[in-house]
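Next up: some structures, all given as structure tokens.
Next come two complexes built around chain A: one with chain B, the other with chain C.
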Partner chain A sequence: MAAALEISGLRKSYKGFALKDVSFAVPEGSIMGLVGPNGAGKTTIVKLILNLVRRQAGAIKVFGLDNLADEKAVKNRIGFVHETPALVEDVPLRDIASVVAPFYPCWNPALFQAMLREFELPAGKKFKALSHGMKMKFSLALALSHDADLLILDEPTSGLDPVFRRELLDRLAGVIQDGRKAVLFSTHVTSDLERTADYVTLLLDGEVVLSAPRDDIRDKWAVVKGGPELLDPVRCPLFRAVRESPYGVEALTGDIPASRAAFPSAVFDRASIEDIMVFLHSGASHD
Partner chain B sequence: MIKLFRKDFILHKKFVLGVGLVYPLYIGYMGSRIGRTTLLPVLCAFLYVIVPFVLFGREDKFKAETFTLSLPVTRREYLRARFLLSWILMLLMFAAGSLLMAVVPGAKLPAATVFGPRMVLSSLAFIAVYFGLLMPLFVRFGQAGLLVFLVVLQVTGVLLMVFRSSVGIGLIKTLFRLVPNAVAEIQAAFGPAPAVFAVLSLLALFSYGSFSLSLALFRRKEY
Partner chain C sequence: MLKLVGKDLLAARWILLCGAAVLSLYSLQPFFSAGFILAAGGALALAGQATVFFLEDRNKTEILYLSLPVSRASIVGARYLLGAVLLAAGGAMVFGIIGWAGALMHVPRPAGGFPGLLSIEAAALFFPLTAFFLSLYLPFYHRFGFGRGTLLFTAAGVLCAALGAAGLKAALSDAFASGGGEAVIFGAVRVLRLSLGTPLFVLAAAAAVFIPFLVSLFLSTRFYARREF
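Moving on, here comes the complex of A and B:
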């Protein structure tokens, strides 16, 4: 399957933070969730794709085009939502839309109007009068109104009520139905990913620690619960992280069959993305 | 380019209309009180140049550049549109301000002087120099760039005063008169048209240098 977005060897450093050789690909017709705790580098990756910050190494290709060499063509195919929507505040939404529309040849005014109605956004209302959630909805309406082939959404569900959040995730699933489009959305709300994402990329401290289809994660990763035998130095290299508590030992494995064979008496629970994130972020690693 | 112009006019239309109506009145009245032909372009050019930066400052204030630069537009296009828009605004202000200066009752300089080629050319020169110096500072420091510019002007003024008291005013005058003298010599040798052409070419070159420096700084800017 061709890649809608392909990132390889991406590096960017700031004082006290660095993205280290980030590589992953979002296949066409799929939704990828970029997940990680605050400060993991999710927003930096989104900004690098949109050329809002300068990469120090690596390559970003959108439908085979380099995001810097073919910047306009690439951005034409991208619909974006930033984490904190910032626009000139004292103008009505209809004016903002009329400014954005000419930049996109495929702008669909009827679709935009329909979305404003659906999201209950009055076109005459000024941007500054909107709550954070409404600003997010407006940004989504802009991003979805020009038939973008790749949607890049940075924390799109933050500030949204649960009902609209569910609707948004369903809508994203609808966007990729033609098998040609793709969605990359960053979040630290892992339940959003469980519901929608086809692929998950987990970032920790600027590094990709896991990038895989969600079904693979479901099939291969588990939380193993047991006693001190899980700390056996010979067998515990099977675990990606181990946590001790007064009630026993919990470990994270990415190889359920091998772990089952090694610890037949242990309890195996399917690992959620949140489990994986929490274990890898805070658990003592045995790699 | 047109899309970016349109964007600025729509998003800042109240500001553009408000400033367009009120500011020339202020400049016209203030300019009509000045009777020195050397002082008028120096002061008024700065007031014209401020206008686009106040407009760009609004976008800076709302942090809206991140959104604009996420649209299908390159940084070169964005900056080029800003340069052109700035020149359009500054020239409109210049035209309106000068017109009002000439018609305000009791104006100290006659209309013939205000619209004389020497005054127009020196005003354009000061606009180009101020703008050319300010734009890279604005790109690099945002609105604080205006303060940096004013501080640099102040420090330069102090240094010149120190220099003047230690070395004398002769050298400073010679330095300041370098370009006007060169223009006067061209005019004497080849006539007024080549002199005007030489000045405009110099200003264009200076503006191009400012654009190139601004673009280099803008490409390094991160959001």
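Moving on, here comes the complex of A and C:
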């Protein structure tokens, strides 16, 4: 399957933080969830794709085009929704759209109007009068109305109520139905990914620690629960992280069959993305 | 670039119109000298540009505009185009509305040796000086952003104005001793016009508008290409 977005060897350093050789790909017709705790580097990656910050190494290709050399063509195919939608506050929605529309040759006014109706957004209302959820809806309407092939959403669900959160995620699933478009959305809310994402990339401290189809993660990763035998130094390398508590030992494995063979008496629970993130982030290993 | 200018004018339309209306009403009063009106027109153009940047900073819209399919160079170019539009609008205010309406209504002005608001000398002062300050502001803005850029520009602007006044005073000390500063400046411009001849004088004034603008555009484009958001 061709890649809508391909990132390889991406590096960017700030004081006290660095993205280290970040590589992953978002296939066409899929939704990729970029997940990680706050400060993991999700927003930096989004900014690098949009050339809001300058990369120090690596390559970013959007539908085969370099995001710097072909910046205009690349941005023409991207729809971007920011975590806190920021548009001209004191202007009616229809005027904001009339400012944005001329930049996109594929702008579809009928689709935009239809989305305003679907999202129940009054075109004459000023942007500043909208709630956060409505602002997010409006940003999404703008991003979708120019027929973007790659939708990039930076923490789109933060601050949204559960009803609209569900609506938004369903809408994203609808975007990729033609098999040509793709969605990359960053979040630290892992339940969003369980529901929507086809692929998951987990970032920790600027590094990709996991990038795989969500179904693979579901099939291969588990939380192993047992007693002190899980701390056995010979068999312990099967685990990516281990956590001790007064009630026993828990470990994270990415190889269920081998772990089952090594610890037949242990209890195996499927690992959620949150489990994986928490285990790997805490860096817990048996001390 | 016109599309980018359009969104700035849309964002700041009411503030700009209010500023223009206030300036028009105040400047039609007889006790304001032509020099004051020229300075106020220039300040209006500068304030207009700063207002657009302020709104962009307050609303945090720059990231949205940078995500549109436009290059950073186009965004910088559009800001210069906006500067040119504001310069032209300030000129239209000063020489069109205030100058023309004032003349029609026979509004008397303190003269002080000044040839009048509707003169080539006045235009040759207004456009290059306003363009100079706009040209000074924009690289600071593109290098440091709105807050620090505006502060640094203000300091640099005051310094340039003080140096300019000191230079003029040193060059024309006799004239300064005998007349007010405003009259001396206009007098000097008149002498320049007479010595160069009108066509060459107009050409020199046009060059004084465009050369700083172009140098400034070059610097701003370089600065903005390196900015991170």
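FYI, the second predicted complex is superposed on the first by the 283 of 287 C-alpha atoms of A that agree within 3 Å, B and C clash if a C-alpha of one lies under 4 Å from a C-alpha of the other, contacts with A are read in each partner's own complex, and residues count from 1 in each chain.
The definition used in the following text is that a contact is a pair of C-beta atoms (placed from the backbone, for glycine too) under 8 Å apart; a residue touches a chain by one contact, two chains touch by 3 or more.
All of these numbers come straight from a predicted model, not from anything done at the bench.
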When chain B and chain C are modelled together on chain A, clash or fit: clash
Chain B versus chain C as contact partner of A:57, first or second or both or neither: neither
Which of chain B and chain C A:106 touches, first, second, both or neither: neither
Which of chain B and chain C A:114 touches, first, second, both or neither: neither
Chain B versus chain C as contact partner of A:71, first or second or both or neither: both
On chain A, the residue positions that both chain B and chain C contact, one per complex: 47, 50-54, 71-73, 75-76, 78, 80, 82, 86-91, 95, 99-100, 102-104
In the complex, chain A residues that touch chain B: 47, 50-54, 71-73, 75-76, 78, 80, 82, 85-91, 95-96, 98-100, 102-104
Residue ranges of chain C touching chain A (in the complex, touch as defined): 3, 6-7, 10-11, 14, 55, 58-61, 63-64, 66-71, 226, 228-229
Chain A partner contacts - residues on chain B that touch it in the complex: 3, 6-7, 10-12, 14, 58-59, 62-64, 66-67, 69-75, 219-220, 222-223
For the chain A and chain C complex, residues of the former touching the latter: 47, 50-54, 71-73, 75-76, 78, 80, 82, 84, 86-91, 95, 99-100, 102-104
